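One structure coming up, written as structure tokens, with questions to follow.
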């Protein structure tokens, strides 16, 4: 692949598709060629902004067109596997909105197929490209946080209820992708609980515990029924602790120079001595570029220069595995599911 | 029992005992007669403030004294059962700091013994007397919240590490007592996860899910390893939703006139219609009296007028049951434990 | 004027002009016909979005065109008077961005001219159409706040430095227009202080006190040199008090049922008795429509149905008077200037 | 004066006196000998806590006692001058609660008298010993903030109304003492505005501008009629900016690595180029000791080792001068008063 423009076709131009289009148009190395949606009013809406886009209601036309290199699939998750498979078979790279597929098997098959065909799969876990996450990743890699103790993420607000997936498949891919990226380890098992309050069989709130080796523990609370919007992640390590509050307009990431040390003592009643350490707090400057724009750069670097992208098919597969485990666990009252 | 002063002896005058003493002295219907602690420096510290108090290092002296009516037991939890049992056998009412006992069996035995002897057991679940909790209880009883969906409580901060109990036994009694009082139902089961990061076998963070009938779900996050102090409870019902933030200096309880309605439709793809409702928010004025002072009033009304106290031995027993279940579940990787 | 479309030409399509265009296009009773800017790159930028717009670099073409009814003037303030005068003379209604003109004389002349010609002047004090301001106006009109004590507004952040006007002419028109609308009285005098830290003769921060009759006092703090963004207004009356925090994502307006009563007593040393009253706080639901869209509706109702608009030339004139007084006061070290 | 205990007598044991007593008792180098109040119930209240204290209702007894070295005067401000003068004449050091006196003349006479007698005057401007102020002073001395642009302080809440002084004399001594200490320059003039809403002739809210040389400007907003409590100070310099929010439970002082640079350019229309600089924010760890305890240390070091205290009579005099100027300015509608 040379430095020519990467031409993208976008399937599904409802809620998220327009952002995908805008960012592929903005990037100097990519262009958008055509769009597809089964709803003609969505096509009209997009073409009123970008009149130069070709359009169709049949995704197969795009997949088999000779004018594009990458198919961006922004449709409901239950359609991902079929469209992506057909695109890969037709020799196209694919970008899938999160979550990658409805099942682990589908994700594995797509990863295998892409490797066989020498093509790329990208999964749009946008938060993995967020300036705050990038900054936290740097801090972790530099050893500033020390040995990790836990990751705790709360993502709650009022609605939007989805009709085809529960709150775990809707919101938790964000937290799981961030968790997976930052902790950078293979989880052991998942225990999840939750409830459906409207008889839809789709949980509107859920709690996931993810066990990692060495007493590292992660927990995610996702909820469509909260009166207030909370986007808060706590990460604690042996050296420092982080609070990421994505609702904060400016100081989103706070690094606390706080910790605890346990000193063995000879005292019989109180056989350990706890020492607290508290110091300064600081908020590093965060890259404020739109995460999706950074993601498109990563896609370009992957296709044009062979760089491994941050969020590829293997990452997408891992996240589907955890989602599936969480789903099973919820339906079985918190039964532990090994990953 | 007539309207004479209720005379109290306090066993254990470390961290919490002084508050107990101060409130029993302040109430017009109670007095403090004597104190006990195995540490003579604690006795000296208290007597420098209240020189009129009798003191001893042997709790048996207080228990068998003829000068008191109520023994307030503010010692470590593993000593509660033995002291309380001896006090009840000696014909004294008892007040126990939370949690009531180390095991369900001990709590049951104390409840049975108190009933046999016609004596009262009070458990100092102070938050059950907090103005914010009282206000929320009123709102629930008035039907303002509607059918309950969930209770979600976060109680995290840096330390204090306890040496004899884990974070569940230390912090969760607060949340469980509030949950139990507000939800006013018998829970079905508990699923808990957590981790110990310092090799002490005492978890420093834990997550509890408590299942109730009718898809009501409760969740509690307690944590000694958080860089920030969070004291936030969300309660959602079919009519309104509550956020209680105990860190807020003034507007602690917020009532949101928000909700969701699900309307069945004939549309085949999207077979339900979700309707959001958002309205005003208001913060009711809260009783700002010290919770412990209200609790002492409740104790007086119970002993002098036979009123059932908000936090009696049966409540204390229930909370120990849930704690024990949570403890078992954590040690067995989130295994569901029926209550 | 009948119910036909009101056709608008927009002069100046830099920072704010595009919002004016978008809102006049969105309203069903208005359309945009043409635009003007001396910078051809700005014209190109707008026409890439709205290719149907006619354009010119000479505002006289628009003013004397027979295709429009209203000239929207979004140019730097020092050009307002000249363009507006020419438009009125050409028989066009005008909309001016804030502040209306550079001097009171100019504003008076435009008001007189418009009355003579039977035309309308609108001044784009957008905040007068903000949902929060509308709600506060309602509360004041309903008597919920009681007799007014004060209005205190803080509008500070880091830059944007303007090159032709100081911070008073840049930011204070917002606060003064809100103050004038809510207090609904004629101010007595202005006292202003401020400082210029970069030798530009343009103050980068300023404090305005506006005296009203009956001990009502208003104060405005505007500042381009603040590390944090604050948008907070306090309004207190004899019955209730309001805090409007425009940075809050949802609960912007808070009504406090708090107050003070002074009761004369016979005590000689302390000859008055102060009684505090504190009650509930509530946050009313606010109209979240874009203020500019509501403003365009008001313009339509004025032109088509003769309704007096909230922000007309007389309001604009009043605000220029106060700005001019503040400017004079700052340059004379807080000398009181009668209005 | 040797290293023997400094013996203190306290005149006035109402609201603040008990804190003075407690801190002089706690310090190893000071003791409290006796107290005075015209209200016998206040004496009883104090002696119930500290039964060893001698007491009297006549301050002259304390002043002329041979048992004390320092007279702490915690009475209403209109009595300060008379009591302090008598104490100095009797050879005693004096500590006065803020503000030092009711007039500049009184303060000057006391300073002169103390110098003549070789005695010390301390004024209890407690905030000058606050950990946050100490930290900001360090940052300023280290040059971290650069050339100062402004000091802006807001201190508002709902009452306590005072009966003998207005809000300026009640609250502004805090802000003025902090301002004077941190800016460390002689102010040029004061312009103040304010209002009295209850016919008491005592302003319940006020705004003070203090002009300093070199375009440095300070502003103080004090208010007894605010529905919310705000304690916020902004300080900006050429290198960094500070926000001190005393309501924050932990991160009270925030240092923003933000600023503005003005670069002259040759562009004719926009003749200056503004460059913004934004970087990290950090919250330094603050000394959390009680400010009054640090103040007592300073008093000890002054009396025992001749160290110049942070808040001596000259500081107190300066603050009275500014208060008096502000008072005059308010009563004359913002007339500038030279200091």
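Chains: A, B, C and D, in written order; residue numbering restarts at 1 for each.
One rule holds for everything that comes next: contacts are C-beta pairs under 8 Å (C-beta built on N, C-alpha and C of every residue); 3 or more make two chains touch, one makes a residue touch a chain.
Treat the numbers as computed from the prediction; the structure is a model and nothing was measured.
Trainee: Please name the chain that ends up farthest from subunit C once chain centres are defined by their CA atoms averaged.
Mentor: B
Trainee: Between A-C and B-C, name the chain pair that shares the greater number of C-beta pairs in contact.
Mentor: Of the two interfaces, A-C and B-C, more C-beta pairs touch across B-C.
Trainee: So, what's the distance in Å between the C-alpha centres of subunit C and subunit A?
Mentor: Comparing mean C-alpha positions, subunit C is 43 Å from subunit A.
Trainee: Please compute the C-alpha centroid of subunit B, do the same for subunit C, then give the distance between them in whole Å.
Mentor: Between these chains, centre-to-centre, one finds 53 Å.
Trainee: If you look at subunit A, which of its residues touch at least two other chains?
Mentor: Residues 228, 278 of subunit A each touch two or more of the other chains.
Trainee: Given the complex with subunit B, which residues does subunit C contribute to the contact?
Mentor: The contact residues of subunit C facing subunit B are 251, 257, 278-285.
Trainee: Quick one: in the complex, what on subunit D touches subunit B?
Mentor: 228-229, 247, 249-250
Trainee: Please output the residues of subunit A touching subunit B within their complex, sorted ascending.
Mentor: Residues 149-150, 152, 154, 156, 158-161, 163, 189, 191, 193-200, 205, 207, 209, 211, 215-217, 219, 221, 223-228, 234, 236, 241-243, 254, 256, 258, 260, 262, 269-272, 274, 276, 278, 333-336.
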